[in-house]
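Below: a set of structures, written as C-alpha cells.
Paired with subunit B in one complex and with subunit C in the other, subunit A is shared by the two complexes that follow.
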Partner chain A sequence: MKRLLQVFLGVLTAIGGFVDIGDLVANALVGARFGMSLAWVVLVGVVGICLFAEMSGRVAAVTGRGTFDLVRERLGVRAGLLNLVASMLVTFLTLAAELGGVALAIELATSVNYLLFVPLVAFLVWFVIWRMPFEHMERAFGLLGLALVVFAVAFWKLGPDWGSMLHQASHPAVPDGEGHPTYWYYAIALFGAAMTPYEVFFFSSGAVEEGWTKKDLMIERINVYLGFPLGGLLSIAIAGCTWLVFMPAGVEVDHLDQVALPVALAAGKVGLAFVIVGFVAATFGAALETGLSTGYSIAQYLGWSWGKSVAPVRAARFHAVVLVAIVLGAMLILTTVDPIMVTEYSIVFSAVALPLTYFPILVVANDPGYMGEAVNSRLTNALGTAYLGLLTVVSLAAIPLMVATKAGQ
Partner chain B sequence: MRRGVALLLALLTASCVSPSRTDRDYELKAGNSAKAVASSVATALLGVEAARRHRAPGPYLSVLIASAEEDASSVQSQFDSVQPPSAHADAQRAELDDLLSQAVDGLALLRITVRRGELDQLDTKARPLRAVLVRLRTLSEEWQ
Partner chain C sequence: MMAGRVLDLALHLLDRQIIDTDGNPVGNVDDVEIDESGYVEALLVGPQAVAGRLGGRLGEWLAFWTRVLQGGTEPTRIPVDLLTDLGSHITVARSRTELGAHRNEDRAREYLIGRIPGGRREGE
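And then the complex of A and B:
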C-alpha cells in the first residue's frame, strides 16, 4: 500500500512538475497563432523527454553518480566543458525566466508591480533550497502545480469542436497569414520547451539525492512514462484554451496575464485562483530545479561535494554556486528585461544546446562498463539515435530561423 | 578619425528612426502596427467581457488592461518613429495614428476605471473601443 501511494504521488508530482514558464508561454503563444496544428510537436517532445529522462534516471540509479560527473569522465575534460558551458547558459536563462515568472504570477493576484517581488522570490527560492528536504520540496511544488489541471477543465468548458481539433492536430498545416519559417520556428520553440536540458540534470541528480538503486527503476519508469505524457496533455490543454479564445479574436500572447484569461472566461474567479496558484507553483518549482541544476552541473563537473542531502558545510561550493546563480538571475530580471522575452529566448537557445545535453547521456547509458546489464536495449538505442539526429537538425535550424523570422514575428 | 566618428554618429542616430524606403514597405509596417494594437484592444475587451460576467477580479483585470495599454502605446511610439516616404504614406500615417491614439486613450480609460474599482462601468466605457477594433482590423487586412 505504501509502495502504491509512493507511485501515485510520484506520478502526480511528475504531472504537476512538468509545466514551467517555458511550457506556459510557448503553448499559449502557439495555440493562439497556430491552433492545434503544432500539437504533434508536444507529442514528439514528450516522447523525447521520456526517453532521455528514463535513461538519465537509470544511469543515476545504477551508478549512483550524477550526469556531469560521468560526462567528464567518459568524454573527457574538454568535451565535458563544452557541454557544461552550453547547458549552464541555457539553465541560467531559464532560472531567470522562472524567477520573473513567479513574480509575474504574484502580480496577477495583487496588481503590485512584479519587480518589487523579484528580490523576495529570489530569497524564498534560496531559502527553500537551503532548508527544505529534497523530497518534500519536489513533492510540495509538484502537487501544487497540479492546480494547472484547471486548463483542461476550462478547455472542456469552452466547448471545443472535438472533430475540428482532432483534424487540426492530425493534419498539421500552416494557418493562413503565417509563413512556413515562422511555423517551424515555433515548432522548435515548443520542442525546446518540452525538452529543456535542466529537466534531465535535475531528474538524474535528484535520483542520486534520493538514493535510488536498481530496485527503484520500476517506480522511476512509471513516473516518467505516465507522469510526463499526462504533463504533456496539460501543455496541449493550455494551447487548446488560447486557440479557442484568442485565435478567433486575433489576439497574440505576449504576457502571462493573457495566458490566464481563457480560464477566467470559462471557469470564473475560482478557476483564475487555481491558475494563479498553479503558475506560482510551476514557476517556483522550476526555479528550485534550475537553481539546483546550476549547482549540480558545476559541482559534478569539477568533482566537488554536492547535494542537498550533504551537510552544507561539506558542500559549501555547491551551495555558493546555487546562491550566486539565484542572485544573478534576480539581477537580470531586475534590469527590467521582459521575463517573457527571456523565456522565449531561453527555450530557443535550449533547442540549440539539445544535442550537447543528450548525446553524452546516450553514450553513458550505452556503456556496459558503467551500466552492466542495465545498458540500453536495442529499441532504446534506435530511438535515442533517431532523436539525436532530430536534435541535431533542430539545433542547426534554430538560430537561422530565429534571424529569418525576427524571433517569430 | 573624424570621418569615422561622424559615420558612427550618423549610423547611431539613423537607428533611432526606423527607415521605410518604399510606400509598400511603409504600408506593411502600418498594417503590422494596426494588427498588434488590435490584439491589445481585443485582449482588453475579453477582460471586459470577463468582468461583465463577474468572472475576473479587479487586481487581475488591472494587470491585464495595463499590459494591453502599455503594448499599444509602445507600438504607437514605434510606428510614429517610422519615416513616411511620400505624401501617400503621410495620409496613411495620419489615419492610423489617429486610430492608435483612440485605442491607447480607450485602454487608459479602462485601466483608470478598473483601478477605481468601478468594474460595473467597464462595459459602457469599452463601447468606443469596439468600433476602434473593427477599424484597426480593416486597416490591418487592407495593408497586409
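And then the complex of A and C:
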C-alpha cells in the first residue's frame, strides 16, 4: 500500500513537474498560430524525453553517477569542456527565463510590475535549495504544478470540434498565411521545449541524491512512462486553448497573461486562480531544477562533491555555483529584457544543444562494463540511435531556421 | 596493489572520478605520471594538471590563473599503490584531507558557504 502511494505520488509529481516556462510559452504560441498542426512534435518530444530520462536514471541508479561525470569521461577533457560550456549557457538562459516566469505569474495575480518581484523570487529559489530537503522540494512543486490541469478542463469547456481537431493533429499541414520555414522553426522550438537538456541533468543527479538503486528502477520507469506522457497531454491542452481562443481572431501570443486568458474565459475566476498557482509552481519548480542543474553539472565535470544530501559546507563549491547562477539569472532579467523572449531563445538553443547531452548518455547506457545486466536492450538502442539522428538534424537546422525566419516572425 | 594490470589509459583512467576512503569525491584524474618504462606511477588532480592536457590558449590561460590564485603549487599526486578499486570510479585508500586535494573547497567554505546561516548544519 505504501509502495502504491509512492508510485502514485511519483507519477503525479512527474506530470506536474513536466511543464515549465518553455513548454507554456512554446505551446501557447504554437497553438495560436498553428492550431493542432504541430501536436505531433509534442508526441515525438515526449517519446524522446521518456527514452533518455529513463536511460539517464538507469545509469544513475546502477553507477551512482550523474550525467556530466560521464560526459567528461567519454568525451575527454577538451570536448567535455566545450559540451559543459554550451550546456551551461543554455541551462543558465533557462534559469533566467524561469525566474522571469515566476515574477510574471505573480504580476498576473497582483498587477504590480514583475521586475519588483525578481529579487524576491531569486532569493526564495536560493532559500528553498539551501534549506528544503530534496524530496519535499521536488514533491511540493510537482504536486502544486498539477493546478495546470485546469488547461485540460478549460479546453474541454471551450468545446472544440473533436473531429476537426483529430484531423488537424493527424494530417498536419502548414496553415494559410504561414510559411514552411516558420512552421519548422516552431516545430524545433516546441521540440526543444519538450526535451530541454536540464531535465536529464536534474533527473539523473536527483536519482543519485535520492540514493536510487536497481531496486528503484521499476518505480522510476512507471514515473517516466506514465508521468511524462500525461505532462505532454497537458502541453497539448495549452496549445489547444490558445488555438480555440486566439487563432480565429488572428491574435499572436506574446505575453503570459494571454496564455491564461482562455482559462479565465472558460472557467472564470476559480480557473484563473488555478492557472496562477500552476504558473508559479511550474516555473518556480523549474527554477529550482535549473539552478541545481548548473551546480550539479559543473561539480560533476570537475569532480567536486555535490548535492543537497551532504552538509552544505561539505559541498561548498557546488553551493557557491548555484548561488552565483541564481544571482546572475536574476540580474539578466532585471536588465528589463523581455522574459518571454529569453524563454524563446532558451528553447531554440536547447534544441541546438540536444545531441551534446544525449549522445554520452546513450553511449554509457550501452556499455556492459558499466551497466552489467541493466545495459540497453536492442529496442532501446535502436530507438536511441534513431533519436540521436533526429536530434542532430534538429540541432543543425535550428540556427539557420532562426536566421531565415527572424526568430519566427 | 593494482600494479601490473593492463589498462587502456584514456578509457579506464583519464577523467574518471576519484573517491576517497570516506566516499567523498577527491576530483577527477586530470593527468597521470608515467615512468621511463611506461608504467603509470601516479594520478594527478588539480587545475595545473588539466591545463597541461587542455593545451592551446585555454590551457595557458588556466595555468596562468591557477598560478595567480594558488601560488606555485603542484597538482595533487596520488601514487598508484594507494588505489584500491578501479571501476566506474576509482577508490583511494586515503581521505581527501590526507591527500591535500581540497584547497579550493576549503576556500569556498571559509569565505562564502560557511558564513551563510545554516551552512554548517548536517546533510539531509
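In this text, the second predicted complex is superposed on the first by the 409 of 409 C-alpha atoms of A that agree within 3 Å, B and C clash if a C-alpha of one lies under 4 Å from a C-alpha of the other, contacts with A are read in each partner's own complex, and residues count from 1 in each chain.
Here is the rule we go by: a contact is a pair of C-beta atoms (placed from the backbone, for glycine too) under 8 Å apart; a residue touches a chain by one contact, two chains touch by 3 or more.
Since the structure is predicted, the reported quantities are computational estimates derived from the model, not experimental observations.
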Joint occupancy of subunit A by subunit B and subunit C, clash or fit: fit
First (subunit B), second (subunit C), both or neither touched by A:Ser309: second
If touched residues of subunit A are counted for subunit B and for subunit C, the larger one: C
From subunit A, separation angle of subunit B and subunit C (C-alpha centres, steps of 10 degrees): 130
Partner chain in contact with A:Leu81 - subunit B first, subunit C second, else both or neither: second
Touching partner for A:Leu272 - first (subunit B), second (subunit C), both, neither: first
Touching partner for A:Ala320 - first (subunit B), second (subunit C), both, neither: second
First (subunit B), second (subunit C), both or neither touched by A:Asp69: second
Distance in angstrom between the closest Cα atoms of subunit C and subunit B, superposition on A: 32
Overlapping contact positions on subunit A, where the subunit C interface meets the subunit B interface: none
Complex interface listing, subunit B residues touching subunit A: 35-36, 38-39, 42-43, 45-47, 49-50, 53-60, 62-64, 67, 71, 137, 144
Residues of subunit A defined as touching subunit C within the complex: 63-65, 69, 72-73, 76-78, 80-81, 130-131, 133-134, 302-306, 308-314, 316-317, 319-320, 323, 370
In the complex, subunit A residues that touch subunit B: 107-111, 177, 245, 249-252, 254-255, 257-258, 260-261, 264-265, 267-269, 272, 276
Subunit A-facing residues of subunit C, complex: 10, 14-18, 24-28, 30, 45, 50, 53-55, 58, 88-89, 104-106, 108-109, 112-114, 116, 118-124
